[in-house]
Amino acid sequence: MLTKQTLGYEAAEKVASWAAEKAAQMGVPQNIAVVDDAGHLITFRRMDGAKFFSIEIAMTKAYAAAGLRVATHVVAPKTQPGMPGYGAQALNRGKFTTLGGGFPLVFNGAVVGAIGVSSGTVEQDTEVAEYAARRFNEEFQ
Amino acid sequence: MLTKQTLGYEAAEKVASWAAEKAAQMGVPQNIAVVDDAGHLITFRRMDGAKFFSIEIAMTKAYAAAGLRVATHVVAPKTQPGMPGYGAQALNRGKFTTLGGGFPLVFNGAVVGAIGVSSGTVEQDTEVAEYAARRFNEEFQ
Amino acid sequence: MLTKQTLGYEAAEKVASWAAEKAAQMGVPQNIAVVDDAGHLITFRRMDGAKFFSIEIAMTKAYAAAGLRVATHVVAPKTQPGMPGYGAQALNRGKFTTLGGGFPLVFNGAVVGAIGVSSGTVEQDTEVAEYAARRFNEEFQ
Amino acid sequence: MLTKQTLGYEAAEKVASWAAEKAAQMGVPQNIAVVDDAGHLITFRRMDGAKFFSIEIAMTKAYAAAGLRVATHVVAPKTQPGMPGYGAQALNRGKFTTLGGGFPLVFNGAVVGAIGVSSGTVEQDTEVAEYAARRFNEEFQ
């Protein structure tokens, strides 16, 4: 049997709250999704004013970051035209993205979950998700 | 232009919290989803121990209750064999359910959102969602 | 080569308008879809107040009526438990329904299109679609 | 509760009619879709001769413009190879496009709906949708 550690609701909600604080400071309402090590959603919130269009995108960023085990934007260069990963975004029935804003949450060297943020520019989304992931590292390491 | 009212994040989170309190009292961890008047997700939480399998089901219950404008279980009898609604569950690419646990949230006579609960028995899911919808009525009417 | 007749936009819009008139008389706002002989959408309207949930259902009723070449509710008995058509609603990725409210539009003995109506009760939807189909017969035969 | 304004059927049909007039002048039959602020379809028409293949594309353009809150073609440069949004088209299960021909409809500073046009070249589709969106601005501001 294998033993694994994974994010619980309380920690996931903390991560989402950090992201929401950052987004509020930036004045950009966001969709915020946090998933566990298996990519399954633990918590989601759409701040008032965030785009409905980005609900599923936030979830997909979190899912991809948990699955890829690195931040989503890190994989982007490998999927450019001419690269071996070209076309990867069409995999997993679309639950694959390399847009910035997905970050894994690492604890004791293992990915225990991930956060995905979407509704602003890719840069804004990335800034918010990265902030929340860093706060997670500070709090839980 | 038409003017309509819809649930915001703060109210949606309250509804989810009421559902979570009730679920905790019952000792049955739940997936809890709250959507707006258009069926778009506002908030979601998976309590520790709730089934991953029921994440999407909770969302579908909320979506269907917002869309049908009545609690999901109310529609069930009309979809039984021999009834005019037989087979309805296959519609909307599976975003249609008559399982108990989906309740519309009504404000000023209009559906402004809905809650969906899933992970326990259908009876338990229904009890939790109904409790949260009742608390919404008491607080916001 | 085969020659076929199919509904054009002008006739389709007339059919939709008859349905809308009937729905307005009944005081039940409706989603109304009209498709051609191939099941492809020609015109759609959502009357103010009609359920967003039933947008795709109206289209599915029209699609199924064009495809089955009979009114959708006529097929329902053949799909009941124990009958040879049991489970048919899951076919065609869900673009199959036996709910009342889908009627073929027949011209010169051939199905040239179909209408689908959804947002009220199945009985109301059926009444509206049937009325529009009858008006089509009177106007175009 | 949040209060918002959204497009009704009458205004949506006007927008579609302006698009159809423009398309007729250009001699290019079009698929024309108008959605509300939540991306839900209000009205659709396929002009005689328009491609069946572009029915869903017109709807997707409208959905994406309502969701992105800008014209679809505006987002295209950000999704080119090497750009942060590269691969975005695979998101939202394909309900994401940056093809020209999707324009948001803005009223009192908020997106109340969107129009999507598809069947001609991307340039033709864009011209028609932009014309209808401009007429909307003149009529409703």
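For reference, chains read A, B, C and D in written order, and residue numbers begin at 1 within each chain.
Keep this in mind: a residue touches a chain if its C-beta (ideal position, glycine included) is under 8 Å from a C-beta of that chain, and two chains touch if they have at least 3 such contacts.
Note that the coordinates shown come from a computational prediction; the quantities given were computed from them, not determined experimentally.
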Pair with more cross-chain C-beta pairs in contact, given A-B and B-C: B-C
Chain B and chain C, separation of their C-alpha mean positions in angstrom: 29
Distance between chain centroids, defined by C-alpha means - chain A, chain B (Å): 26
Shared interface positions of chain B, touching two or more other chains: 2, 8, 38-40
Arrangement of touching chains [line / ring / star / complete / other]: other
Residues on chain C engaged by chain B in the complex (per definition of touch): 48, 51-54, 56-57, 60, 73, 76, 79-81, 88-90, 93-94, 96-100, 121-123
Residue ranges of chain D touching chain C (in the complex, touch as defined): 8-10, 13, 38, 40-48, 52, 55
Interfacial residue positions of chain D with respect to chain B in the complex: 1-8, 11, 36, 38-40, 107, 112, 140
Touch list for chain D against partner chain A, complex: 2, 38-39, 63-64, 66-69, 78, 81-82, 84-94, 96
